[in-house]
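So, here come the structures, one by one.
After this come two complexes, each holding chain A, first together with chain B and then together with chain C.
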Partner chain A sequence: MKDFVLPEADFGTPARAAAAATVTLSIDGQVVRVPEGTSVMRAAAEAGISVPKLCATDSLEAFGSCRLCLVEIEGRRGTPASCTTPVADGMVVRTETDRLAKLRRGVMELYISDHPLDCLTCAANGDCELQDMAGRVGLRKVRYAPGANHVDAETQGAANPLHVPVDASNPYFSYDPSKCILCSRCVRACEEVQGTFALTVAGRGFEGRISAAAPDFMTSDCVSCGACVQACPTATLQEKTVIEQGLPDRAVVTTCAYCGVGCSFRAEMQGETLVRMVPWKGGKANRGHSCVKGRFAWGYASHPDRILTPMVRARIDDPWCEVSWEEALAFTASRFRAIQAAHGKGAIGGITSSRCTNEETFLVQKLIRAVFGTNNVDTCARVCHAPTGYGLKTTFGTSAGTQDFDSVAAADVVVVIGASPTDGHPVFASRLKKRLRAGATLIVIDPRRTDMVKSPHIRAAHHLALRPGTNVAVLTAMAHVIVTEGLVDAGFVAERCEADAYADWADFVAEPRHAPEAVERLTGVPAAELRAAARAYATGVNGAIYYGLGVTEHSQGSTAVMAIANLAMATGNIGRPGVGVNPLRGQNNVQGSCDMGSFPHELPGYRHVGDAAARAAFETAWGVPLDAEPGLRLPNMLDAALDGSFRGLYLQGQDLLQSDPDTRHVAAALAAMDCVVVQDLFLNETASYAHVFLPGATFLEKDGTFTNAERRINRVRRVMAPRAGLADWQVTQRLANAMGADWAYEHPAQIMEEIAATTPAFAGVTYDLLEREGSVQWPCTDSAPGGTPVMHAGEFVRGKGRFVITDYIPTEERTGPRFPMLLTTGRILSQYNVGAQTRRTANVAWHDEDLLEIHPHDAEQRGIAEYDLVRLASRSGETTLRATLSERVAQGVVYTTFHHPGTQANVVTTDLSDWATNCPEYKVTAVQVSRANGPSDWQDEAQARARAGRRVLPAAE
Partner chain B sequence: MSPEKLARMANQIAAAFGHRPDDEAAAAVAAHVNDFWDPRMRAELLELIAGGASGLHPAVRDAAAAIRPAAAD
Partner chain C sequence: MDLPDDATARRAREIAGAHAGRDGALLPILHDLQAEFGHIPEAARPEIADAVNISAAELHGVISFYTDFRTAPAGRRSLRLCRAEACQAMGGAALWREVLAGLGLDEFGTTPDGRLTVEPVYCLGLCACAPAAMLDGEPLGRVTADRLSAALAGAAPC
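Up next, the complex of A and B:
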C-alpha cells in the first residue's frame, strides 16, 4: 500500500556520523556494521530488515513510546525497543519471534481499539503507517468491547466529552484528534526540526492530546511549515489537498522557487495536477524540511489571474489586445529594432529574472549582449546583493557565500547581521536554531528585535540594536576591539592575507575614533555590549557570519560587506566548516542570475566585459563581436529613460514598479519608454506601463537549474506542460530569432553545455552530473569535479585576502524637523517579496496587508492607536497604511513590509544608493508618521491606473 | 541623466576612496567609473567636470584625465 505514494526510505532514527567507531553486530543472522551510536532499528533498516514502528521516523530522535519496535537481544532481559537501544559490538538481535509477534499484535490491538475504522474513506488511505503496521503484525481482531473512546462524537445518545472535533482553521492542513495515536511525532518535529515549539501534549494518559496551546492552530504559534503534517503517521494532520484530491501517483524531485535557500521538494502529482509538495530528505540545502511558502503556497500556479495569451498595445493607455506568440514577438522585435535605428543600439536593454532558471538568465543576457549588441543587462540583484558582489570580489576574489548550509552545524558563534532568517530564509533559520539550541552563541546586529533575538529556546547573547544606517560604524568598531585587544589571528593573516593592506587596515581601525565608546552616540549601541560581542566572535573557535539586505541596501552597502569580510579574515574565520561569510540571498536564483552574467559590467562567471580573453570565449561561441564597454545598470536605465537616451526594456520576471525604490521616479521612467516588454505570470504593477505582455511559466512548467545562496546548483524539473505553451527560455529564444538570431536549443541541458563550455567555474557541470549527485556547488571544475562546499580553503580565489579600509560615511538621508523618524523595511514569513505569488494563495490568512510597526511611545505622541490608518511621508512621497504598536522597533524607528501593492511602500523610499553599485538604500528613509483619514492621492491614482492598465479587449472573431 | 544625481554618485565614490592619498584616490575613482559606468554616463560626467560644475569632490575632478571617454558610436 505504501508504495502507492512512492515513499522515501525511513530508517527510523537519524544517521550517526560516519567518523565514529564502527560496531559489528548480528541481526536476524546477518552481520551488520554501523557507526557507533546507531540504533538497533536503524542498523536493521540499513541491512534491509524493517522493524515495525509507529513513533519512530528518521527525521527525529528516538522516543520509544509506541512499543511496536520491540526486539530480542541475546543476553538481555525482556524485549527492548530497537529505536532507543544503541548497537553494541557482538550484539545478537532477533526482530521476528513468536513472542515479539504476540506482543506487537497486542500493542496494535490497543491502538486500534481507540481508532476509527473508516479506512476506506480516510484521507490517509494508502498512506497510513497505522494501517500498514496493522497489516504488518497480522492484526485480525480487536477483543475490547466498545467503551470510553476519542473516536465517536456521540456515545449513548449524548455528546462524547472525550471527542474533539476537527480543527480546520489552518488553510492548508487539518487536525483531526479522533485519528491521533499520540506518537508525539508532530510535537517532536515542531521542536527538533522546525524549532518553533508550537505543539505539546496536553493532559496525561487517556486524557493526553496533541495541543497547539491555543484555541486552534491558526491562533497558535504554529508557522505552518508542514513538518508536523509530514511526520504524522496517520490522517490526524493531513494536507487539505490530499483530503480533496486523493493520493498522488507519482513524484518528481524539483527545487522550490521562493527564497535563496533552494529547498528540494518532491512534487507529488496526479497526472499533470499537483497534489502536494513534500520536502525531499535528499535535498542538501533543506535536509527534508520546508516552510509555509514552498510546502503549501503553490496555488498561484493555477490561479485564474494567470495570463496565458500574449498581449500587445500601441500605447500604455490603450487596452490590451490578445495576439499570437508570433505577432507579439514580431511586434517586439520591430519596435526594438526601430528604437535602435533611431537612437543607437544602446537605447534598449533588458532585465534577467532571479526567479527564472540559470539557463533562462543566461539566454536573456546572451540576447542582450549578442543580439541587441549592448551590455545593458541587469537583474534584481542590483537592488539586493550587488554590494555583496562588489565587496566579496574585492576582498576574497569572488562573489558568493563561502559555505554550505551544513556548515552552520559546526559553528560556535553565529553573527546574524541585517537579516531575519525566520522570516526571509525560514528553513535555514530552523537549521541555525537547532545549532543554537545545542549551545552555539548568537549575536544579532539589527535595528529591530527580530525573532532571532528572542523566541522559544533562542536568545541572542548580544543584540546590537543599532540605529539604521550605522552598520559600517558598528562593524569597524568591532574590528577596533579585535585589533586593539590583540584578538587577531595573526597566523592566518600572515599566511593568507596581503601584509601591507592588513597593516594599513589595522592602523586605521585602531584609531581612537573607531572605538566603541567613540561611536556609541552615533550608533546607539552600548560600547560594553559591542566589545563583548566582538570578543565573543573573535574568540569563539568557529565564528560564522550570516547577513542579509540590512547590510547591503544602504549608501554604504559595499563598504559594510567589506567590513564583514575584514572581520572574518582578521579572526581567521574563513576556509573551513563552521565559519565563513554567508550572504543570505533573497530570490531562488539570484545567485545564479549573477553567476550567469546578469550584470552590465560582467560576463558569465564574473569576468569584466573589458577582459578581452573572456570576451573572446563568448565571441567564438556566439559568432558575434561583443561590446567591451559596461552597460547601464537598472537605476541608470531609468535615469537614461527620463533623458530620452534609453527607450526599450525587456523585463523578464521582475515587478520593477512595486519592488524598486522611489515609485514615482520608476513610473515616470517607464512611461517615457517606447517599448516595455513584461514577461511574467500575472499582469503585475509594472505591466500597467508595458506595451507587450508575454506569459511566463512557473517553475513547475519547465526544466532547468536554480543556484541557491550556498552556490548549490539544483535541478528544476518540469512536472506539467507550460500553461501558455512555452517555457520562458523558449520565449527568449523566439524573441532572439525574431530579431535575426539563429538559435536552436531544444532542451535547457544544451544551454548548460554552453555555460559549462564558456564559464570556468561551471566547467564540470552537466545535467548527467546533477542527476547522479542530486546537486553540486560551484566551482565545479577538473580540480573540484564534485564541486566546492567550502570556498577559500587553501587560498583565496584572488590569492591573498585583501583587507579594505572601511571609512564610515553617513548617508545623505538625514532626519530633521519635517522627517524626524527613520523607516526601515523587511519581510514577513508568509509573504514573498512583492507578493505576486503569495498574495494569490491562502497565505493572505496570515498577512493580508502591510502594517507599520511603531514604538508605543512614538505612537502615543502622535495620537496613534493600534490599527489606526496612518500617513507615512518622506521627501520622495507619501502613502497610508495601518499601524501596529510594537517594542520590536526602537523609538524613532518605524518598520514595514512591502508585500502588497496597495501600500505602495516604495513611494516613500528614496533614490539614494550604494556608492559602488547603485544598490538602493531601502533600509533608511527619513519619514514622518501621522494619523490619516484615507488613502493618499498617489495610492488612489495608482489603483485607478492599475485598473485601467489591466483592461483587455475581447478577442476579435 | 540629471547632473545633480551624476555628481552625487561621483562624489559618493570619491568619498569612499577619501582615505587614500590624493593621486591614489583620483586613480581609484577613475578606475571605478571606467569599470562600472556606461559610456554615456562617463561622457556626461566628463562634460560636467569640463564645465567646471561646482560641488564636485576634488578626487572626481582629478580623475577626469584618467576617465575613458566614450568611443564615437
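Up next, the complex of A and C:
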C-alpha cells in the first residue's frame, strides 16, 4: 500500500481472529499483547513500532522475501524475518540494533544497485516504499559497480537483453519492469485478494520477472481490479492518472456508485480534481478491495457528453432549448399542474432511482405522495429485485438479505443461483472465491457455465445447468429430496417456524411429482446431480444461498425467492454467521430505494399505504393528507399512458427505454405523455421522448447515503461541487417548491433526520453515527443501536418463519417452431447495466459491443461463424448483433448483455412478468437466430430518433 | 514429435488425464509431456492448466522456473556442460569456449543442423571428476574437447 503521502496504517500482515488466545511479548522493551498467530511485525506495528519492510503489506499473508524486516529475538539464532515469525509468550524482540541496521543497509544496497535513480521524475516520487525504506535504513551509497541490470535500455551500445519496455496496454495503469523489485506483492494480491491468478514470477533468480503470461496485460487473464497496483510499493504498477497528474494531496472516504456491493473508496484529490479512487481498507463491505468499475471507471463524471444546463421543449419532435433552472422547474410545475387539472391528480407520477442516495429517493417519493398527492411512485427495483422484497417479506418478514458480506467467510456450503458474481458483483466474488479456495463446497444453479462453475482454483461440486425458466421446479425438487430423505432440521423448524404452514409445505414437496426424477425432463438437470446438491446443502454445517436476477426476473420470480427461503428454513440455515439468504442486489442503492418507500403500495420502511398508523406518521411530519390507496406500478403507468389516463412522469436517473422490457411498448407509452421529465447525467435513450431535461449530479458531487445489498448504510461524500450547480436532492426540492411546497432542507443530514423520525428500522441512524462507525446495517434501533449484521437471529422479524407452497407453473413464453431457442440476458464485468457511465470510460476497451453467445452446434446448424452479424428475433421484436461461439451456454440457449443502446436487447424481451410484483421476465425469451445483413428496422429508427432527440438549439444571442 | 495443434492438445489432455486426482500432478504431467514431445508445446498449455485448474500465469511461472522444461524443440542430442565453481577451477570455462567454437556456435543453443543442443548446467554433482558434462542424460567426467568429440561421434541413443 502506497500510504506515505496520505497514510492509511499498514500493519504488514493480516490481523488474526481476536477470539484466539492472547500472547504477551516484549518488543523494544514495550509489553505487547496480541492474539495468537499474529506476526512479530504486526505485533510491533500495533504497538507503534514500525519495522522496515518491502514485501509485506497487511492485505496479504507474509512472504518473507525482502529480508528487510529482520529482527533479533533473544534465545533464537540469527535474525528471523518479523513478518513470517509468529509471536510466542515471553518473546523478547529487538527491532533496532547495530547488526540489524548493517544488514538492512546491505539489503537496500542490493535493491538499489538494480533500480533506476530517477526519483525526482518518477511517478511514485513521494509515494514510494522503496524510497522511504532507503531513507529509513540510512542508505548513503551503493558500493556495487554498474553491471548487468534491468534498468538501462542499452548497455555498452547494444540493446540490454534484460530490459523490458513499459507495458501501457491497460487503459488505467502501466507496468514498468525496470522499476520492479520483485517483491511479489502484485502476484500475491492477484491470487489472495482478487483470486484471478493472472500474474506470476516468470523465470527465476536474476532473470525473474513479473509476468501476465501473455504478450501484455490487456491480452492476459487480468481483470483490471487494481489490487496489484494498490499493492505495488514502487512505480512499477502505477495508475496512469497519477503519472499524468501527480500525487493527490487529500483523501475523502466515500462509496462507489456502481453495484450493490457498495465498496468504500478513498477519493484521492488535488483540489477539486479527482486523481484516483483507492479502495478503503476500513470499508466493511469490500475490506480494501475493488473492481475495474469502482477503481477506474469514473471518467464519465467529466465526460463531454454530460449535460450541465437544464433544457425544455414543447414537443418531443422539437430541438432542445437551454434554459435556467428556474425556467425549467417552472415549466415542469405548470405542465404537471395542468395535467392534474385536466386529468386528475393520478395522471402524473414519478420513478425514483436506485442510483441516487437514500435522501434523494426519499425526497422524490415525498414529492409524489405529498406534493403530487398520489401514490404513483415506482422504482427500477421493479425490474430487478421486487420479487426479493415480496418473497422475503412473506417468508421472513423483511424485504432484505439476511447477512453481511463477512458472513461468507464462515460458510461451508455456498449455493449460487442465477448470478454471476465475477461479472455483476466482482468484489463479493473475490471474497467468495477466497472462502472456496479455503475449502467450502460450491453449488451453482445456472443455465450458463459461469466463471464460478470453474476457474483457476475454483470448481463447483455441482453445477445444475437448468433450462431457463425452471428455477422453481429445481428448487422444489431440492426441497423434495431434503424432506423425503429426512434431512430437515426438525428442531429449527419446530422452534422457529409456523407448524401448520410447514406441515402443508412438507406434504406438498414430498409429492412424487416433485421428485428430481420426475422433473428431470423438464429442467434438464440430471436427478442424481440434483439429489447430491440438495444433500450437500442440507448436511453442510453452514449453508448459505446467494442469488441474483436469474432468480427474480421470471414470471415466477417471487415464487423462486420463496422456494429459496423455504430451503433455508427447512435446513436451519438462518440466523447466524455463515448461512442465510442473500440477494446480490444490482444497483448501488437498490436496497435503499426500496427501503425509502419507492413502491406505490409502500411507505418508507415497507409499511403499506393502507396502514393508517404508518400513514399518520407521515401525515403529521409532512402536514398533508396521504392517499390510502396504492398507486400505479411502472408497467401500469405505461399501460395507462397508452390509454390516455396517465400523462406526466418525473424520471430520476433511470433510462427506462433501454432498461425496461419490450422497448417498443415503452417508447409508445412515453410518446403518448404530455410531460416527461428526465433527470440524468446524459441525454439517455429515454430523453429522446422527454420534454424537460434536468442535469443530474454524480456521486462525487453530493452528500448522502447508499444502502448496499447487506443493508449497510454507507456515506457518500461530496468531493467536488455539482457541475450543473445543484445536487439531485436540491433539484427535487426546488421542483417541489415550484409546485407549491415549502421545503427547506439545507443538507441531506436533515433528510436523514426525517427518515429516522418516521421509519422504525432507521430510527437510530444519524450522520453522526455514520461518521463514528463508518457504516451501519439496518435495523438500527434502540434495541440494536449499532445495527444488525445478521437478521432473524433469535426469531424471525415476522415472528415465526412461514413456509410457502411453490407450485411450478411454466412461463407462457415457450419455444416453438418459429422461435426454437431460449434467450437469457445478463451482464459483464467491465460494463454496468445500460452502460451510460461505463461506455463513457476506457472500459470499452474490454467490451465495446454486445455479443450473442451461441453454442457451436446451434451456430453450425445456422451457418453462423464467429463474429457474424446475426438477427435475433422474438414475438416482441428483432435486433441484430454479432455472435460469438461459446460452450458456456447449452444447446438451445443463447445469451447476451444489454449494455449498448445500439443493440437494444430489450426490443426482443417480452412484456411477461412476475405474477406478484410485475418484475419483467428478462431471463426467458423464445427467439430465433439467423444470419443478418444489417441492422433491423427498429435499430435504424431508434438511431434516427436518438439523433433527432439530441438536437439542441443554440442559445439565443 | 511434431503434431498439429489440435492433435497436440488432444494428446496433452490424455497425458494430463492419466494423472487425474493425483496431488501435485503438475510436475509429473510436465515431465511426461516433455518426454513425449521433447518440450512443452504451446498448444498443450491450456489443456494442462484446465486439467489441474490453475491459471495460464501460474503454469507459465512453473514452466519458466525450471530450466529443464523446454518451450521449444531442442536438437536431436543434448550436451550439458557444467559451468559451476569446481568445474571452472578445472578449466571448465576454457572447455566451454572450445566446445562452442568447435561447433560453430557463438553462445549456447542448438547447432544450425539441429543435431545438437549445448547448454550450461550448474553442478552435476561430479565435482570429483571435474570438468563434468552430461550427454543425452549420461554423465561424463574429466571431459576434454577430444573426449567429447569422440562421444559425439558415437551413435545417439534412440
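The rule we apply is simple: the second predicted complex is superposed on the first by the 953 of 957 C-alpha atoms of A that agree within 3 Å, B and C clash if a C-alpha of one lies under 4 Å from a C-alpha of the other, contacts with A are read in each partner's own complex, and residues count from 1 in each chain.
The rule we apply is simple: a residue touches a chain if its C-beta (ideal position, glycine included) is under 8 Å from a C-beta of that chain, and two chains touch if they have at least 3 such contacts.
Please read these numbers as outputs of a predicted model, since none were measured by experiment.
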Chain B versus chain C as contact partner of A:V765, first or second or both or neither: neither
Partner with the higher number of touched chain A residues, chain C or chain B: B
Partner chain in contact with A:R459 - chain B first, chain C second, else both or neither: second
First (chain B), second (chain C), both or neither touched by A:V907: neither
Contacts of A:S220 with chain B and chain C, given as first, second, both or neither: second
Touched partner set for A:V590, first chain B, second chain C, both or neither: neither
Chain A residues touching chain C - in the complex, by the definition given at the top: 196-204, 211-214, 220-221, 454, 456-459
Complex interface listing, chain C residues touching chain A: 49, 53-61, 64-65
Touching residues (chain side chain A, partner chain B) in the complex: 344-346, 375-376, 508, 555-556, 558-559, 600-601, 608, 610, 629-633, 636, 639-640, 642-643, 645, 805, 807, 809, 812, 911, 913, 915-918
Residues of chain B that touch chain A when the two form their complex: 1-2, 5, 8-9, 12-13, 15-16, 18-19, 32, 35-41, 70-71, 73
